[in-house]
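One chain, chain A, links the two complexes that follow: it is found with chain B in the first and with chain C in the second.
Moving on to the complex of A and B:
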């Protein structure tokens, strides 16, 4: 049922150049079971090297489980994972030296100061740039002598960002890192992340359900739903494939387009549809407007359609 | 590496202080009894009971809180995402727990010796009597006590990776320790201490090693091979390792007692 939403080989043609380099993350048929609960049910994921990849999904879709599996914190029940060419379970130590991880909540040692935390973590990495650390601490205005227990939610997230970036990782994983932040802290964090990651050449995997913040940053998107991969595509391709059509005829035929969502707007219909981008060149006259969508709207339409189907 | 030791010590440094404070409080409670004024306590074996109880409890707690406090606070997840090997974390935790327990042991012994020497009415003769009766400071006694304490520590260490609340892991370790001691008494595991003249002291070491091997190896395997996050895998790894090492220990013991 989900297969039709996966990119076919033609859709992926444009992306092949990007895949000349081995993918930063390759997940094949990943299943993870916790007792009787199956959190992941055959997830496939291909994160191209150098891309900024948005992993989207509703709450409890399996994003964090997937992230923790990629990091080697959880062992797959079945399936395989390769991260930067390494097996996270077997080569966890080597892998963690090359990646940065920013989770929603990083439980640190509350009794340490920021300076002590930085010194403690820096000592565990073979390569740690003091210059980057100092620059980030200054830019993010982190008070070095303050204890972790006294930091706000936003300051903790910014410290996690410093810890994840100062060893110059090849791959950065951000797992729902702005959940629970107030609007100001989130904006501050987003601005810092965008400054650091955009044009950095690093591979970045974002997992979030707050999609508006990812729209301007990501070039690839994957959607997981109920433990399965629903879709993977370049953001530009997806935006050219999924649009909303304002239609003044209820009986209008839209060959080659799958209707994902149907709304009314006065006497007209708003149909969110998906199809090959060339289909939008030959629309019937009953279509009075073609509206481009943001990533968030596309996500809602695709997941909503999938939930209706199932 | 040094920073790992520093972190570990900072995490658990309240425990030894608490153990010493508990002991002093118990001692002062005893000091309020009549026999203190007569000096009778200096030859009374039961005087040592609170001290021994404090040691046993402290060694159990030192082991049982090693992982559970960090699992509970979530800081183990923090350690799991930075490049520190789990083996190293395990060994550092064991070393710090062991040496702080030894420090408490040494400080309390020094405290008692000082009391014997300097308590009003004491004399060198009293101290000598102490060493002969209450304080049978011979190698056999030392091995027996240190063996029991190591069993407590390893029992705590075994329970610790399975629980996220230190109090629960301590309770489980204490119950496990009692069962363990009862089991070893039932099967007269200590007889290797006595019956083999050639093995008198070596036997004590072997018995201690056989008793602490299953819980320590179980703790190691569970922490190193199990997932750092809560999962059923910890229990599978733990159960299989405990059964396997217990069988091996029993076979070694059976072979040794037939020598």
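Moving on to the complex of A and C:
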């Protein structure tokens, strides 16, 4: 079952086109069984067109299975998937022309040079922008004549980025591609992603464990847990709904706010709570401080609470 | 606005500074939980109030800022919108976003109101610290005398 946190219309004054255009990805009740393992147990996903969407979840929550299903690499056990209006299994070839995929380890021929790899991949696409390829290679300072096996992790990721973007995809999927990168390489990579996305109307789905990275880059977030969708929301809305309250009275009444996490701070309590943003306008006197949270902290609180319940 | 004056203000904008994100040295705090757009708003606002950004200076484009700070461009756009809402910057279509002059109260009544507000805050804080208003008054007299002495010497 999905709990969806969608902004109510009163908050949507700056109506974004993303909610008017058909979604880039729509997944309904997706289940995937591998033998006796249920990797996905009724996942819903709605990725608005033009958004940068963060897919969060613990290891083995089902993120990669979901991504691969969206890519048409895995056939659903039940449920439906629509990507750019197409069925990923049935219309795979047409879809692959319009999307870019950047996994953690892109298989490449280690003996090829960067230039050879680019030529090799370009030949497989009906439409490939040499101008974009050349511009990216130059900006990212990729050494064309170097063999793949001599490249650093960061360089491989940047090359993967070029390979995924030169055919001007409408949808880009990044799956843990910055895991294992040092901070500088990650910053370079993220900066390139931003530059490539500007004003392009492209949609991005970003699965990563580096939640602080996603916090900076993403406008939407979806949390997957044990094969189900826990929530989907605009990052800003989620942050206005989940906060930590410092309370000096154990018996404090907090109407409309669910407690996700309890900690102590000396004689006071720190309660991480979730509720409609309007609930924070009036709080009892025993609340001495309201603390804004990072996306990472919100994730930990929500998933931790869910694990406690089950 | 009169067309000739409009052109003149455009000319003035070209003469003033176009700022680089590097000039602004904006620092984002990932730990605090304060929304990024708000961090940008506050820092830019502070720099305009202090004069580090002068009226008419052009702020970096949304695209440049987003790329340099490694932030979602929507976040920068939101920050610029909020700054405009606060009357701190103005966006001129096709040209960019520019700092406005910090607002200063014009007439006597406004000035008095602004200073009264500050003085009331001082009295409130003194009260919290257990200092009597008469003592605050004595302290104020001392400070005024000190300033006058410094002026004479200088």
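Here is the rule we go by: the second predicted complex is superposed on the first by the 289 of 310 C-alpha atoms of A that agree within 3 Å, B and C clash if a C-alpha of one lies under 4 Å from a C-alpha of the other, contacts with A are read in each partner's own complex, and residues count from 1 in each chain.
The rule is short, and it goes like this: a residue touches a chain if its C-beta (ideal position, glycine included) is under 8 Å from a C-beta of that chain, and two chains touch if they have at least 3 such contacts.
In this text the structure is predicted, and so the values were computed from the model without any measurement.
Student: Is A:52 touching the first partner chain B, the second partner chain C, both, or neither of them?
Tutor: In the superposition, A:52 contacts chain C only.
Student: Which of the two partners, first being chain B and second being chain C, lies in contact with A:190: first, second, both, or neither?
Tutor: A:190 sits against chain C, while chain B stays out of touch.
Student: Check whether A:130 is in contact with chain B, with chain C, with both or with neither, and answer first, second, both or neither.
Tutor: neither
Student: Determine, under the contact definition given at the top, whether A:97 touches first (chain B), second (chain C), both, or neither.
Tutor: After superposition on chain A, A:97 lies in contact with chain B alone.
Student: Under the stated touch criterion, which partner chain does A:71 make contact with: chain B (first), chain C (second), both, or neither?
Tutor: The answer is first: A:71 touches chain B but not chain C.
Student: In the superposed arrangement, does A:291 touch chain B (first), chain C (second), both or neither?
Tutor: So A:291 only meets chain C here.
Student: Would you tell me the residues on chain A in contact with chain B in one complex that are also in contact with chain C in the other?
Tutor: Comparing the two interfaces on chain A, one with chain B and one with chain C, no residues are shared.
Student: Residue numbers of chain A touching chain B in their complex, please.
Tutor: It comes out as residues 34-35, 68, 71, 73-75, 93-94, 96-97, 101, 103, 105-111, 119-121, 123-125, 163.
Student: Using the touch rule from the top, collect the residues of chain B that touch chain A in their complex.
Tutor: Residues in contact with chain A: 3, 7, 10-11, 73-75, 77-78, 80-85, 227-229, 231-233.
Student: Residues of chain C touching chain A in their complex?
Tutor: 28, 30-36, 63, 66-68, 70-75
Student: Looking at the complex, which residues from chain A come into contact with chain C?
Tutor: 52, 187, 190-191, 194-195, 197-199, 212, 215-219, 236, 239, 291-294, 297
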